[in-house]
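I've put the structures underneath this note.
Shared between the two complexes below is chain A, which pairs with chain B and chain C, respectively.
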Partner chain A sequence: MLTRQEVLKIAQLARLSLTDAEVAEYQKRLGRVIEYMKDLDSLSLPKGAFVRHVPLDAPRFREDEARQWPDREAIVANAPLAEENQFLLPTVLEKET
Partner chain B sequence: MNTIQELLEGYKKKATQPSTVAGDFLDRIESTNPKFNAYLEVLKEKVIARAKELDGCAGQMENLPLYGIPIAIKDNILVKGWSATAGSKILEGYRSPYTATTVERLEAAGAIVIGKTNCDEFAMGSSNESSAYGVVKNPWDETRVPGGSSGGSAAAVAANLCLGALGTDTGGSIRQPASLCGIVGMKPSYGRVSRFGVVAYASSLDQVGPFGNCVWDNARLLEVMAGFDPRDATTSQSTVGSYTGRLNSKTLNATTIGVARDWLEGVDPEVLKSFEAALATMKAAGAKIVDVAIPHARYGLSTYYILAPSEASSNLARYDGVHYGHRAKGVDSVESLYSRSRGEGFGKEVKLRIMLGTYALSAGYFDAFYTRANQVRALLKKDFEDGFQKCDTIAVPTSPCTAFRIGEKVDDPITMYLSDVFTLPVNLAGLPGISIPCGLDDKKLPIGLQLIGRSYDEASLFSIAHQFEKLRGHFPRAGAK
Partner chain C sequence: MSARDKYEAVIGLEVHAQLLTSSKMFCSCPNVFGAEPNTKICPVCTGQPGALPVVNRHAIELGVRVGLALNSTIHPVSIFARKNYFYPDLPKGYQISQYEQPFCTGGEVPIQLKDGTQRGVKLTRIHFEEDVGKSTHHGHGTRVDLNRACVPLIEMVSEPDMRTAFEAGQYLRALRNILRYTQVCDGNLEEGNFRCDANISVRLKGAQEFGTKVELKNINSFRYVEKAIDYEIDRQVEMIELGEVIQQQTRGWNAAKGTTELMRLKEGAADYRYFPEPDLAPLEITTDWQNEIRKQLPELPQQKSERFQESYGLSPYDASVLTAAQELAQYFETVTNLSQNAKASANWVMNELLGRLNAASVEIDQSPVSTEHLADLIRRIDSNEISGKIAKTVFEAMFATAKAPETILNEKGLRQISDAKQLEKVIQKVIEANTSQVVEYKNGKTKLLGFFVGQVMKETKGQANPGVLNELVKKLLDSQ
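What follows is the complex of A and B.
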């Protein structure tokens, strides 16, 4: 079980707002999973053994070419708020006093 | 016509045409989907228009290996003009501005996208219960889950609401629902199939793969969509070739099957009995059965639930309420724009995994969790490499149990995660795995056999699975127990 402060700290790092009920629930659920993960502690592990998950023949580089996206309207159509084919954001900067 | 193979034969004989077939499937979806909740979106007019277009291409059938085949697409794979919710409220109303490479290739081969299927939110789950759009019901028993995360795709195939479907598999999300729904599901090798246009969960583990009613159907879908994609730098340039043309390339009397006995702990006795019977069937047909050791498989669950959430916590950072997706109202700072949009938009399991990943990557815990898990992943990969020195395929049950009741495992995350104990290590090692129905338990629910193959040797895996399928004979459909 994690403490309330621990859950709030992780949620803040993850940019997630949680209700009080959620905090209480994640104290248990998150704590339960983290406790289970500690079974790896029993293993004696060699250092520096990392997996290369990308196939060996996969191309690592491509030409850095600018390309025009063909359908700008379709992208902006998914915006929570848009104006004149541009993303519109709420005002978040405080006024200088 | 119950399979892709049979329908293609039917088209060749001019027994039917795409618009008739699409109409039949649309009617069935309209009457049956409310019961199963397998589809989230079916754009009837688009489907009919596409089918009519194909009616006029009958002369080109020879060059269209999926001519007129209705395919369902998991709702975390993009199809231009269709929804892509990934099972999440945060993407409600999103319209895909482009099409994933996999779907592009299926459509170029003549397939008809018939609908977008329900799934666990952001593909995080083993029961489809984490979808923001309600649980999918298993066509074999509507009080039970279809498995997850690609539960909608599996249920749609099992309920005859399409002939094939695409899913994604990050830790078992194709193979486990295929097992629980009594159909064939394949996770290809990492890098075999393009991830362009797929909503990212854990990028070093995610793969797109097919569902079908038989091995041939599965092989046809994969041979069409696999291969190098310049838009996904992790795809391999190695040749794909014809999988359907090589289904008889491997005979069982020339096949050695490895069994990792120490990995089989905690399996339901009915599942174990069916698994042993499948091995005995293949042995009787000449296959050699040998013991192999995969000692780190038991650490697969912990390893996966450190690495996958770590990658997810980074991948899902893009959902910030700025460019697309849910935006909280009345925010007064950048911080509250992000955290409230995400807090309101994400569901319970997704928040859990984002926080788990954030924790594993945070200062003070990185080495103890993330670094350590990567080291175990390397050891696990080596276990499989050693195992494949002795055999051609490694067999395990796909799932330790058959379809469980809705709500049965939601209270304890670890109990739910253990559903994937036989599939997670395969993703961690980047290997291909196929689930094929091998029997029914005493409740008449399907049991799946998983065959794991060498990296990039999907052809042998399909061939061995096909030989087993022939020996097993007819497998009942859901609703016809």
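What follows is the complex of A and C.
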């Protein structure tokens, strides 16, 4: 079980506001996730094992050649909200750029 | 003793430099500044599911170039890491960076101190990362442009090795200089391709422990670096003197008000939940590759400055001014080679040219006075064809019109008069107009020679060749 402060800190990092009931709920739920991590810790893995998804024969580098992606509009169109070819999101922080 | 004198500041700088590549760090989108929003994007840099990053080889070469130029250690194997945080300009929800194993550690940046001596500011590390997008806030929401997302960056972190705002400014200038020399980055704070954050704390002089540090962001002009840091040092000293506690936080420089303002309470490194990037293999930089990159290194500012002092007899100060930018150093050297007079070339460039260029906001490679024209002017002074005074008038016209000295001398009728017959006529006229002075001169008041020379100069509008004139005046006066 996580403390109330731990849940509030995580919520703040994710820019979420939670009700008191939600905080209590997440104390329990996130607590279960942490418990599961403890299970993983008990496995004996080589120290610093590096989990990688890249196939061994994948190219390590690309040459520095610029190419335009042909379907850029589709990427913006994919967003729930767009405006003047920009993604539009709810403002979460006022002062940062 | 003022309150501030009891304290010393401890300053470390983090500099982000965009690398001058054609394409982005992990995808082939063009790396350009100022394009229409979201025209340089693809599935990789917008974080589409399933899109995988591949490292840009040239970006690695540019980073290694900087590491070698700063005598850092380049590591044969380094690891990319995910830095997780939640922010709209970061589509993937993490930034690919390097954390526990950066590609480069150590090294130092040589800076020049006020007394002309040099010292090295130690570097902690240099690592690769990708830039993030740009968000602009509007009343109804935040617009996000991802053109800049995934542009290659190196972050250069210094040790907390500086004690004054001046040192920090010098460090930034020296670092920018090296990045420009090595053609790694434009070093333009205003366009944001060279960005600086400062970590600042204060402590009582002699104390061993560091104070709580404040991160200062948004220093986007060289003019403000020292001002912003000084302001922050004063603010912290004042708080401590009032018995208040400094909080670890991020503050932004507000250039309009000349103050720093709270931006946010700082996330700790643990909050970023760094872990190795599973989509990228460890970065391998072999010794052979390093050696190849080392061969491409140009002569660096400090080496050039030392060579200028040795070969051209310049003072350390003059040499440092003339090597501040590669284009300037090249200009000076070309003028010197053509004129065969290093000292005069240095003086003309530093005292006459640079100020005018600055005032007109013109870069040295766009100078209206070409290297050939300036060298030509210097040769004419050295051969006594024109006086230093006339040369200044000619130079002014050269700067204004970009014309050759020859053309200006003809157009303005500024040629030096060395012709004895022509000068004798004028001298004769002056002697006749000042008979009483001639008598005094003949009676032993030889100081009056200068008076006659001056009168002839006035008559010829300064065009008389001073050497020839002196002799002729003396000869004619003595023969009276």
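Definition applied: the second predicted complex is superposed on the first by the 55 of 97 C-alpha atoms of A that agree within 3 Å, B and C clash if a C-alpha of one lies under 4 Å from a C-alpha of the other, contacts with A are read in each partner's own complex, and residues count from 1 in each chain.
Everything that follows uses one rule, which is that a contact is a pair of C-beta atoms (placed from the backbone, for glycine too) under 8 Å apart; a residue touches a chain by one contact, two chains touch by 3 or more.
This is a predicted model, so every value here is computed, not measured.
Of the two partner chains, chain C is the only one touched by A:Gln68; chain B is not.
When the two complexes are overlaid on their common chain A, residue A:Arg29 makes contact with chain B while staying clear of chain C. Looking at the shared chain after the overlay, A:Leu81 reaches both chain B and chain C. Applying the stated contact rule after C-alpha superposition, one finds that A:Arg60 touches each of chain B and chain C. Touch criterion met: A:Ala14 reaches chain B and chain C at once.
Of the two partner chains placed around the shared chain by superposition, chain B and chain C are both touched by A:Leu89. Ranked by how many residues of chain A each touches, chain B and chain C are led by B.
For the contact definition in use here, the residues of chain A common to its chain B contact set and its chain C contact set are 13-15, 50-51, 53-54, 58-60, 62, 75, 81, 87, 89-90, 92. Per the touch definition, chain C reaches chain A in the complex via residues 21-23, 28-31, 36-43, 46, 48, 52, 54-60, 79, 85-88, 134-138, 141-146, 252, 261, 263-264, 267, 271, 276, 278-282, 284. Touching chain A in their complex are the following residues of chain B: 80, 94-95, 97-98, 189-191, 204-205, 230, 233-238, 299, 301-303, 305-306, 313, 317, 320-327, 331-340, 342-344, 346, 348, 351-352, 354-356, 358-360, 362, 368-369, 372-379, 381, 412-414, 428, 430, 456. Here chain A touches chain B in the complex through residues 7, 10-18, 22, 25-26, 29-30, 32-34, 36-41, 43, 45-47, 49-51, 53-55, 57-60, 62, 71, 74-75, 77-81, 87, 89-90, 92, going by the rule given at the top. Residues of chain A touching chain C in their complex: 13-15, 50-54, 58-69, 72, 75-76, 81, 83-97.
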